[in-house]
Structure formats: C-alpha cells, structure tokens
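Quick heads-up: structures coming right below.
There are two complexes below, and they share chain A, which is joined by chain B in the first and by chain C in the second.
And then the complex of A and B:
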C-alpha cells in the first residue's frame, strides 16, 4: 500500500472495547453509588447477606472502575489512536489482528471472574491488587498480548516519528508490567499444605509487613499513575487537537512534561506511608517528590489548555470540547490537591480520612471519566460512521455530572478535614475530646451529599450510554469521515 | 536526543523503562537488604489466629480499619503505643489499611474482649449506637478455613523461615497436630462466648469464622 493512499482502519476491536467500557462503567459506578449510600444508611449493607456488605463490595467497585471501565477505555482508544498515528491498519496483519482479538476476549473473561471471586471473598487484601494468583496469571497473559500488539503495530508503522500519545501508551504498558509483577509476587499456599485440604486459590505475599507495605504503595500509587494518568494524557494529546482542529501548543513542553513525569512519578509512592514504619527518608522523599510532580503534571495540562488558544469559542459550541477542557481542569485540580495532601503536616490530618477518596474521585470522575467519555464520543461517529445522536443530551450529561463531581469532592473535603481535626481534639484537661463514634456520626450529612453526587454522575453515565447506543443504531449515516469537529444532531 | 529517540521505538522503550524503574530501584533495594527484624516478643500467628486473619481479609475489614498507629499523642492516647516496624515481621500480607471509616485495630486485643466482639460482630449498632458498620451474622454460621490457615503457616515456615516450632514459638507440626491445636484454642475462645450454636459447633469439632476472627483480634496487642 502506498503511504499517501487513504488507509482503511479496522475498528472491530475498538468497538468491542468500547462496549466493555460502557458495560463495566455502568456496573462499577453502580456499585460505587451503592457503597456511598451504604455509608450514609448502613442498613443497606445487610440486604444481601454476606455478599452485600460494604466490605465485600468495595473491591468490586475499585477494580470495576479501574480495570473494567478505565482499562477498556484505554484499550479502545489505543487500537483507535494507535492505528491512526502510526499510519497502519490492523487489516494489514492477520497476526496482530488475532493478537488484538485474543487480548480482548481474555480480558473480557477476566472481569466477570474478578467480580465472582471478589464477591466470594477471595482476595489478597492488597488494594487494587486484590485478585488471587490464578487471575493474576491470566492478567499477565493479556497484558503481554497488549504489548505484542503495541510493539507489533509500532513495528509496522509508516510514520517514522512516534507521536506523544504513543509515548504515553508505551509508558503505561511498561510501567504497569513492572509494578504488577513485583507487587503480585505471591506464593500459592497449597504447595505447602502437607496433606491439609487447603484452598487452591489462596496465596500469601512474598514480602512481609513494612516491606510488603512499601511494595504495595509503590504499586498502588503508580497504578494510579499509569492507569489513571499516562494513558489519559495519551488520549487528550490525540483527541483534543483532533476534535478542535488545533495544533498542540508546544512540542518542547510535551517532551519536558513526559520525561519529567516518568522520572518523578515513581518516587511519590512514599506519600501513602507518611508517619508509618517505613524509613523516614522514603517518607520525606515521597513528600518532596509529590510536590515536584506538580511541574510535569501541570506541564501537560497547560499544554492542552493553551492548545485552545484563540479558539475558546469552541467551548460554547461543542460539548465534546467542554468535556475535554473540564477533564484537563480537573487534572490540574487533583494534581495540586495530591501534593498538598503529601505535605507531612497536612498528611497528618488528611491521612485515613474521607479527604483521600475525595481526592481520588475528582481525579477519576473529573479527569479519567470525562476524558474517556469524550474519547468515546469522538470515536463514535468515526467507528460507527454515524452522526452523534444528541447534542442536548450531551449538554445535560455534562452539567449533571459536573454538579455531581462538585458535590462529591466538596462534601468529602469537609468530611475529611472535620474528622481529621476531631480525632486530634483535646479538652482543657488534656483528654481526647471525642470518642471515635462521635467522629463517625458527624459525617452523616456529608456521606448523604456524596451519595447524591455519585448518583448524579451515574445518571449522567447512563445518558452517555444511551446516547452512544442511539448513535450506533439510529444516528444519521455519514457519507465521509469528519475531519475535526464531530458532527452531532441537536 | 529526543528527536533521535522518538524515531527509534526500541531505544525509546529502554530509556523509558530505565527512567521509570530508577526510583523503585533506589527505594526498594536498600530496605530489602536489611529486611525488617522482629521486635523482641513478636511471635508468628497461631493457626487459629491465621484462620482469623483470613476471615479478616475475606471480609475486607482492612477496607475500613487501619492497623497502623501513627506517632502522635492523639493516636497513642486513643489506640496505645505507636506501631513499630518489627511488630509486622510476620504479617504477610500487611493489613495496614488506608482509610479509617472505623477505628484502628492494631492493639485492639488490649482493650476489647471476646464478649465485646461477639456482640459487636452480630450487631455493631447495638454495642456502639450510631455505628455504620455492617452486621456480620454469617460469621457465626460459616466455618473458618483452618486447613488453608495451616498451609499458610507452613508456607511461611518452609519458605520464609518464620520460626514456628521453635522454642517459645507457636507449634505447627503435622496437619493433624495443627488441627487438634486449633480446635483446642477455639474451645478457649468459645468458652467466653454466649452464642449456643457457636459453642455447639466448636464442641462438635468445627471452628466457626467468628471464633477464629476473635482469636485473631485478641492477638493484636
């Protein structure tokens, strides 16, 4: 094929991952809303016996949205963006097509297996690495398949220079591979059962106590980095310029922000362990590097905002641009909030409180959620070759979800700081002023508000799912691919 | 240099990996070199306690409870002596938690009793009015997985050199020995409990989850 000929890209795998993004998004967010209501109204925790308690459901929510919704979105956009910026089509290679399909199906069976095992209480207890060893092995297989497809596609490229988005996707693949392997080093105990009828699913960590904690948060923090940050930056670097028809503001800033992020991010894991029993210098390092991290984080965000220079009018006309600019703004918010929480004296108050889930959610709902949905909105007219079904529905969704996020994080800020301050309050005689339960009951109104905020976001997501579904089934058929702004019916 | 790298994906990937891996290498290697040593008096968990820890993990208690007391007066007044690294030497996996929806449990064995836990796990808000903790009645009917707890302990002993069967340390022995010992320990816990069906189950040679869990919680000191 000649390099100047119009390539016909293959979207079959993109479509599959798009469906799972929506499916797992609905499930993961629904469980999240249930959890939020359980904290406000604890009777809800006992409606389904042992299978409906907050504690059993919590890992399903975290894994569901991180590895169900977000990873699906990452893979969907990778197979879309990858083909386009590398100027190759999956149609050109039977091998890579097979790898991509296998990647999808193995991934797809992993998620229901994860839900079933977690609801049964089969978990390693390590956050975001709860899945037991057989599932971990399955994950390794499809992660490697993703790598094969990635480097295979890069190998077949017609565009000599690899685009920024590909740098970020590549970093996700490499870093998660390393982090996942080291953190999930676990030993199945059945091999030392000595004749006892023990469970084949059970394993214990290779590391004990403080070392285990260190490896876990080196993983836990950087799973955030390389699942919730770098691939989402990869998306915005492709979709924002493409949708707005603007050039990326600065190449130099992209280089600086990329290598800066790569070097600094891993150090920051220590901020999860401040005032714990890990060595002091690591806590200080984690704290200091978290502050340094503002630089590369804001570098990318500012690069994106400045890409819209002179074109801010698009915010009024396109809800899609609005989603992406809002995502970028929330990225700035959570990457300034994180470093603030990592400062030792602030951490003393914030750690263990609801401010932490509050921080996580302005990143995940505002940045990750908005960007993934924007990416899917941009891809839909191109992969289904139809006009987006409803612009007004997008507008409604945008405002509903934005209000939801604001309710979420403001209530959690107040809850977290209130509780953190109450835990350390003394009366004039030097006795603790509040018993623990006082610091729980005081949170009820904030928990209720948060649950409502979460519900708004979920409803918005259902509108999104409906909009994509209608686009796919009854949007006006397009005769040629839109170059920039995605066409949408009012 | 960056232009050069961006046209050579292989070297780009290598450079990228080294940049990312650097921090982990610097941070993790030195700590492993001097793997944390147990503090004086730290003992590995007995098989029954391990079975209890497995219940703790199965129901993700660590989603809402920490086991890490920070070195602040407000924490030591509330929970007791701040945590030391060596106390976790046999904690595999660690269960420090990251959120205190409920209070810290690292030294809960010092100030709560079997009786308290029994009532509390059945109906938390009856013991602590206003509590938002779920009820865990299923722990009174499900049996703890003592066999896996034995495999767990034996893996720690064989593979990681955890000092079971040493002088002054918990005995492990064969599966039959360990099973008998776990039941013996369970009887001691059940003796302080009121729930008749739990008592009957233990008398019949079973170990309900609640018994193992209480043994574990009582061991946290």
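And then the complex of A and C:
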C-alpha cells in the first residue's frame, strides 16, 4: 500500500455509474409515464404498432427503473461509499480498478440489449425476470465482477470494522446472486429441440405450475428487498449522517435492524400468492413474516429520523436533507402499507387491484427515487469538485415530485379499493353486481390523476438531470472537499 | 384433514412463528445493549466511520495486517 498522503479516492467509476443512473432514470420513468397515459387513454397504445403496446413497454419500464436507474445508483454509491468508509482507494489496486471498469462496461452493454430484446417481444414472461438466457449469462458475469471488486476492496481496507452500510451492500450482492440464479434456472429450447424449429433466444423455466409461482415470488419480493431496500438503507446510513454532520442516532439499532431484515425478508414472498394454489401454511407464513417485517423496517427509518434530533432546523435550510427525510418517511409509509396488504382479509380486497402499484410506487418514487437522487446530489460536489448549481431548482424539484407521488398513491388507493369492492359485490341471489368494464369506467379519473402525478415526477427528474449537468459543467469550482453540508448556489 | 383442523393448525403456526421471532429479536437486542453497558464493546463509536472518512484521517481501529510500507 502507498502512503495515504499521496493518495486520493478515485471517482472515475462513480462518475460513469452516475451518468447511467440519470440516463436510465429518464428512459425508465418516461416509459412509465407513457404507460400510465395508455391506461387512462387506451388509444395511445396504437401509436407505434406492436412496439408501442402496453405489453411490450411495461417490462422496459420495470426493468429500466429497477435494473437501469436503481442498480446504477447502487453501483455509483457503492464505489463512493465503499472506498470512503473502508478507507481505501481504487487507485491502490490496478486489478480492482480494471474489474470495476469492466463491471461498468459490461453492465452498460446489457441495458440497451435488454431494451432491444424486450421491445422485440423476446421475453421469458417471468415478471421482473423477463430477460432471456443469453442476457442472464451476461448479467451473471458483471454481477460476479461487482462481487470481486466489493470483496477485493473490503480485503484492502484500513479500517478494522466494516461500517453497517457495507453490510447492507454485501447482503444485496449475496442475496440477489442467489435469487437470480435460482429463479432464472431456464432451459434454452434450441439445444433440446430435436431438429424442430426453435429460436436461439427462447427458453423455458425448469419449474412448472405452483412451484414456478413460488420460486418466482420468492425472487420477485426479494428483488424488492435486496434492490429497493437494503442498498437504499446502505445509502441513507451513509449520506444522511454525512450531509447533516450528525452521528447515527443508534448504531446498535442499525445492526439489530440489519439482522432483522435479513432473517425476516426472505420468508415474506408468499404474500404474493395468498388465495392461490400454494399450500395454506406457506400463505400464512408469508403473511405473518410480512407483519413482523414492520419491526426492522421501522427500526431503520426511525433511526434515521432520530439522527436529526436537535438538528431539525437543517430541514428548512437544506433541500438535500429534505429529500432524505422524505425518503425515510416514505419508507415508513410503504413498510406499514405492505404488511397491511399482506394480511389475508385485507388481501382479499387488495389483490390484483391498483392499490398494489400504488404501494409499489410510494416505495419506489418516494423512498428509492428520492434517496438515489439525494445521494447523487451529495456526491456531485465531491466527485466533480464543484458547487451544486441551483438550490432553488432543488426546492422546485422536491415539491413537484412530492405532489406527484401524493397524486400517484392517493389515486391508486381510491382506485384499488373501489376495484376490490366492486369485484366482490353481489346481490341477494349471489350474482355479481358489476362486470369488469364497469370498474374500468369508474376508474378512469383516477388513472388520469396517476398519469399526471407520474408526469410531475418525470418533470422533477428532468430538473434533477439538468441541475447535475449544470453542476458538472458550470458550478463554481471548489478549492477543497466539503466536510458535511453540500455547498449549493442559490 | 378437514378445513377446520387445517385453519386451527395455521393459526397456531402463525402464533408460534411470531413468538419465535419475537424471542430471537429481543434476545439479540438485549445482548447488544448488555455488551454496550458492560463496556465489552462500544458500538456507538462506529458512527465516526462516516464522519471521519477522508483518506488521510486516522483509522478508527486500525487493522492488524494493514502495515504501511
């Protein structure tokens, strides 16, 4: 190892992943807004032939925001936070630097390939795991590279104790590796077609029927856990104390909540299959574990809110703190809402309704989106060595997006519960009172409101992208790295 | 097995799963706070890993094998 004095942290890979976070964020969210308008105004589905239909675009939205925007944000913050809390620089190891760059470029190639194959209709038809087998193999390669860089950096650390954020990143790496491998066990049909015509881009799952559903939702729910939750907690445990200059309220609580999440989350996926053909005990377990999950989730969220104890004034002065506190608040909202939906009697109304995407989006827009953007805002003055371009633009973005999220989830709450009640309503002879199209007619205003809410969020995201671009190109140059609060021009 | 027995078993199952997790959670929490109180380990100082994270800051706890060349 070289002497620390000559060294500095290397942010080249951080910058690359920062760019892709913004790029894939714009694409993924734009497609989301188009989909929302299509649901409200179905004639919009016919604008681009088969390529513009809801079914082609939907996986591009989900994969784009989860594995394009969020994963890029996770990788960007990992290479930033990882170096800093482990007190090692990527500059110290040519090998790790090469691995990190290779990780980025292979990832960067994968995303456009994913978009092209999905828009062509090449899909495994497994939700959030639509990509076909050649792309899955490519993903395995860069995921392993991320692991090599992660454990390589941990191996070179100067600090004896590994900070809790790094635990959360590690859990994300290990759990997604396991989930991805098991859920994507697929057989490429061309090798077993016995001369029958078969596309090279086609495979079938190794599991069938109920087993397939179980593995799928064990994967699907834990993709939420280990892409949308643990790495985002990793971010807030670093960026909130750092930006506010406060100690974490309770480090013990952070450790306790970590093991709580690890233990409980993996059993909760069964709640996606309540009232289905999976064994009843498994549905009960999924439901019970989901309720228990409130404990570790709120443990982390409350820990973050209490970190601001005595320093709540910062909420007024710093839009960056606002983003993080709102993120934590939305995390609390979605982690109480999820367990409520997982209770069997509530699920009888909520299942298959719009309340579910409503729940997903107060988590993803409020918690994941806000936290990833806050992390990028905090990192920008440090990686570009420039002051943040505009505080007022940040404020505008914050309020625009907050209103957008509120419009989104309130409209979906009303739509979902209306839908659930109408589907179940029957007369004194036991006949259903409404046909499906009756619900569609009633829900139209809420679908329109949701689309407008989504549009607000997208406009806010474009303001964010512009603010970061201007920071990078014309922000005031900083002569030294800010210790805590990020400098921002008014 | 009839439906009622199945539902009863599911009910007991739910109760014992909750009890089991309750004991594990609170047992671990108790052990953390006990170790802090008895001075065996100060967990709270690890917040400083974030606040003092510049590369030239002295490590909070140096690794035994991180000998500088």
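We adopt the following convention: the second predicted complex is superposed on the first by the 481 of 490 C-alpha atoms of A that agree within 3 Å, B and C clash if a C-alpha of one lies under 4 Å from a C-alpha of the other, contacts with A are read in each partner's own complex, and residues count from 1 in each chain.
The criterion applied here is as follows: contacts are C-beta pairs under 8 Å (C-beta built on N, C-alpha and C of every residue); 3 or more make two chains touch, one makes a residue touch a chain.
From a predicted model like this one, the values you see are computed outputs, not experimental measurements.
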item	value
Which superposed partner A:197 touches (first chain B, second chain C, both, neither)	first
Partner chain(s) touched by A:160 [first = chain B, second = chain C, both, neither]	both
Touched partner set for A:89, first chain B, second chain C, both or neither	second
Which of chain B and chain C A:259 touches, first, second, both or neither	both
Which of chain B and chain C A:218 touches, first, second, both or neither	first
Chain B versus chain C as contact partner of A:292, first or second or both or neither	second
First, second, both or neither for A:7, with chain B first and chain C second	second
Touched partner set for A:19, first chain B, second chain C, both or neither	neither
Chain B versus chain C as contact partner of A:241, first or second or both or neither	second
Chain C versus chain B, contacts on chain A by residue	B
Shared chain A contacts, counted only where both chain B and chain C touch the same residue	160-161, 255, 259, 263, 285, 289
Parts of chain A lying in touch with chain B, wherever the complex brings them together	38-39, 42, 45-46, 49-50, 53-56, 58-59, 121-127, 151, 154-155, 160-162, 167, 170-171, 174-175, 178, 182, 187, 189-199, 202, 204-205, 207-216, 218, 255, 259, 262-263, 265-267, 269-270, 272, 275-279, 282, 285, 289, 348, 351-354, 356-357, 423-426, 431-432, 436-437, 440-441
Touch list for chain A against partner chain C, complex	1-5, 7-9, 84-85, 87, 89, 157-161, 163-165, 237-238, 241-242, 245, 247-248, 250-252, 255-256, 259-260, 263-264, 280-281, 284-285, 287-289, 291-292, 295, 481, 484
Of chain B, residues touching chain A in the complex	2-3, 6-7, 9, 12-13, 16-17, 19-24, 27-28, 31-32, 35-36, 54, 57-64, 66, 68, 70-72, 74-75, 77-78, 83-85, 87-103, 125, 128-136, 138, 142, 145, 147-148, 150-152, 154-156, 158-160, 174-175, 178-179
Touching residues on chain C, where the partner in the complex is chain A	6, 9-10, 13-14, 17-18, 21, 24-25, 28-29, 32-33, 36, 43-51, 53-57, 59-64, 66, 68-69
